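Down below are the structures I want you to see.
Paired with chain B in one complex and with chain C in the other, chain A is shared by the two complexes that follow.
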Partner chain A sequence: MSISGHIEALYRHESRRVLATLIRLLGDFDLAEEALQDAFAAAVSQWPRDGIPDNPRAWLISAGRFKAIDRLRRRARFDASLDELALRFEQAAEMPDLDLTVEDDRLRLIFTCCHPALSEQARVALTLREVCDLTTEEIASAFLIPTPTVAQRIVRAKAKIRDARIPYRVPEKGELAERLDSVLQVIYLVFNEGYFPSSGDVPTRADLSSEALRLGRLLLSLLPEPEVGGLLALMLLTEARRAARTDAAGDPVLLDDQDRSLWDRALIAEGENLVEQALRSRRFGPYSLQAAIAAVHAEAASPEQTDWAQIVGLYDVLLRAAPSPVIALNRAVAVAMRDGPQAGLALVDGLLDAGELRHYYLAQAARADLCRRLGRVAEARDAYRAALALCQQGPQRVFLEKRLAALANEKNVSAAVESPRS
Partner chain B sequence: MDYICLVYVDENRLASLPRGERDTLLATTCDYRRRLLTEQHYQWGQWLPSARLGTTLRHREGGLRLRDGAAVPGVEQLALVVLLRARDLDHALSLAAGLPLVRLGCVEVRPLSEPSPWARRGDVQGREVFVD
Partner chain C sequence: MKYLCLVYAEEESLHSLPDSPEDDECQAYADSLAETGKMLGGAPLEPVHTAVTVRVRDGKTSITDGPFAETKEQLTGFYLIDARDLNEAIRIAENIPPARVGSIEVRPVRELQVTPKST
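Here is the complex of A and B:
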């Protein structure tokens, strides 16, 4: 490989590690990013002449640190306080064995970017920028928001980290669970935006989901906690269905109607393995439970063979661990599969009456589907229309419109005669 | 670094506390203050009288306008201000969480950061205005 090719590969594989360590050594994101660029520029100019150093990563970190000191020295001509700072960096004890601390630095970077003192949007943008090395433009186009908005979120987050002194460290045992939650939430948010985009005209955005998977794998390698494995399993088991999730025209296909031969068996096997590990640890949480539900679906060769009783049971545990109306809705749909649409509809109506799901289109869509199966065509039509009024996402709207149009061919039949699907 | 802790509580809830609970709250607050003082985290603190005693002033075209009450309406009002010295935000948050009054409301923790030496000019506008 040519030296420039070697440096490019090094940038791809090592730049985030080098950055994470430089942030710790220099105590500032912007200074560390400048130092990272300077270090690679130095490599491009020196390595062809001097050869590739034995430990390129250590060389880059060291070069970055000295370049930062140079920068501070140059700026110190206008601001005397920087001189003292440059001196402090110079005098700092020689760096300890880098290979031992470098992985800790990556974990520190993740926890700082996902600190709960930052807004959720800022956490997502900062993590994708600093940990995944996505550009501001890439983040903006993935989330369909203007680039300046993303840039501003990142600038403000960095300013808060610096001015409020958000620490650069891995939380201690006592606070780890809570802080880890905040990290998992960011990763799952990135995955979901890739798998169920909240707006726009494409049904899925694989780039964001694969970024989330990469983050999940990285986090699990750095911090092998059961819930990290649970989240990774959930994402893998969901990702496994991607090819079956849309038809040739790009329209969404419901789980029941998917061609299961298109499911990715390798991802399923990896996910199932992780779920088992998480459940066996007995320290699992909501992500592991959702992964377990996804695994039950993955095991069934056809929708009819799905173990709905087990799924309802898992939803019961999940509702106790993490009560939420959306999980209650999913449980209601599972109950409808186990006990028939009438039982499911009673639960869905109870949730809609409680009010929290009134503006959630999937609640109306679930009601519509259950009414359709009960032959209550007029009610189904109203519910599909209510769902359409709430849904912003192009392909999902097309799906709802198709369902609504198909209703026109169905006659109103008495609810009592329909038997449960089994 | 110094952090200012702004503790907000529902004054009606505070006023309706049974006498015993009120005494306990005051006593535990005193104890906690003493602990922070010994550990050299406590810089300064002040209980505030009811926001009902406040008067809010605003410059409007045509002159000043006065209004009875707090500047920002709401059930929870500023009741206690504490200035703490802490290592970093996490440390300050854990110290603030120990303030007994916070159990009755919430606390906002704001850094009194010195502008970072390499902060671009304009990042910290106006912070020097009230410094002699």
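Here is the complex of A and C:
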């Protein structure tokens, strides 16, 4: 490999590690990013002449640190307080053993970018920028928001890290669970935006989902907690269905109608293995339970063979661990599959009456589907219309419109036509 | 009798109006008050976007970005603390007893940018 090719590969594989360590050494995101660029520029100019150093990562960190001191010195001509800072970096103790601390630095970077003192949007943007090395433009286009909005979120997040002194540290044991929640939430949000985009005309965005999977794998390697494995399992088991989730026209296909031969068996096996480990640890949480539900679906060779009793049981545990109306809705749909649409509809109507799901299109869509199966055509139509009024996502709208059109010529029929599935 | 004087202003315009206070002026006033023995403590705050709100319910701490106290909540007290970083500040805040029923807004204190006195 040519030296420039070598440096390019090094940038791809090592730049986030080098950045994470420089942020710790320099205590400032922007200074560390400039130092990172300076260090690679120095490599490009020096390595062809001097050869590739024995430990390129250590060389880059060291070069970045000295370049940052140079920058501070130059700026100190205008701001005397920086002179002191530059001196402090110069006098800092010998570089610690790099290989021992460098993985900790990546974990520090993740926890700092996902600190709960930052808004969820800021956490997502900062994590994708700093940990995943996505450009501001890439983040903006993935989330369909203007680039300056993303840039502003990142600038503000960095300012808050500095001004509120959000530490560059892995949380201590007592605070780890809560902080980890905040990290897992960011990763799952990125995954879901790739798998179920909240708006726009494409049904899935594989790029965001694959970033989330990479983040999940990285976090699990750095912090092998059961819930991290649970989240990775949930994402893998969901990702496994991607090819079957849309038809040739790009329209969404419901789980029951999917061609299960298209499911990715390697991802399913990896996911199932992780779920089992998480459940065995007895320290699992909501992500592991959702992954267990996805695993039950994955195990069924056909929709009819799905173990709905087990799924309802898992939802019961999940509702106790993480009470939420959306989970209650999913449970109601599972109950409908176990006990018949009448039983499911009673639960869905109870949730809609409680009010929290009134503006959630999937609740109206679930009601519509259960009414349709019960032959209550007029109510099904009303619910499909209510769902359409709430849904912003192109392909999902097409699906709902098709269902509504299919009901156009039907009249109310007896509820007895559909028997509960086993 | 001790009194707490709370400073309210529109953050966006606080430092840009013709009559806006200068940091030097604020420091001088605080110094003059301290000389009379009537100043017990005080500090300017970083802007509101640096805030974080801590609540404890059923023994579980929740942390949200921003100063999102419920509008029906009123300021009922304050702690001025010295913590190593935001994580330590949050740990101290979650043990403030009213965190269990109200909210504790944690705001970093700003350093006044005082012009060095020539000697």
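By definition in this document, the second predicted complex is superposed on the first by the 416 of 422 C-alpha atoms of A that agree within 3 Å, B and C clash if a C-alpha of one lies under 4 Å from a C-alpha of the other, contacts with A are read in each partner's own complex, and residues count from 1 in each chain.
The rule is simple: a residue touches a chain if its C-beta (ideal position, glycine included) is under 8 Å from a C-beta of that chain, and two chains touch if they have at least 3 such contacts.
Please read these numbers as outputs of a predicted model, since none were measured by experiment.
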item: Fit or clash - chain C, chain B, common chain A; value: clash
item: Which superposed partner A:163 touches (first chain B, second chain C, both, neither); value: both
item: Which superposed partner A:72 touches (first chain B, second chain C, both, neither); value: first
item: First (chain B), second (chain C), both or neither touched by A:85; value: first
item: Contacts of A:303 with chain B and chain C, given as first, second, both or neither; value: neither
item: Touched partner set for A:122, first chain B, second chain C, both or neither; value: second
item: First (chain B), second (chain C), both or neither touched by A:31; value: first
item: Chain B versus chain C as contact partner of A:325, first or second or both or neither; value: neither
item: Overlap of chain C and chain B interfaces on chain A (superposed complexes); value: 117, 159, 163-167, 169, 171, 175
item: Sites on chain A touched by chain B in the complex; value: 28, 30-31, 72, 75, 79, 81-82, 85, 117, 159, 162-167, 169, 171, 175
item: Complex contacts: residues of chain B adjacent to chain A; value: 1, 87-91, 93, 110-111, 113, 115-119, 123-124
item: For the chain C and chain A complex, residues of the former touching the latter; value: 46-47, 49-52, 60-66, 84-87, 90-91, 106, 108
item: For the chain A and chain C complex, residues of the former touching the latter; value: 115-119, 122, 156, 159-160, 163-167, 169, 171-172, 174-175, 178, 182
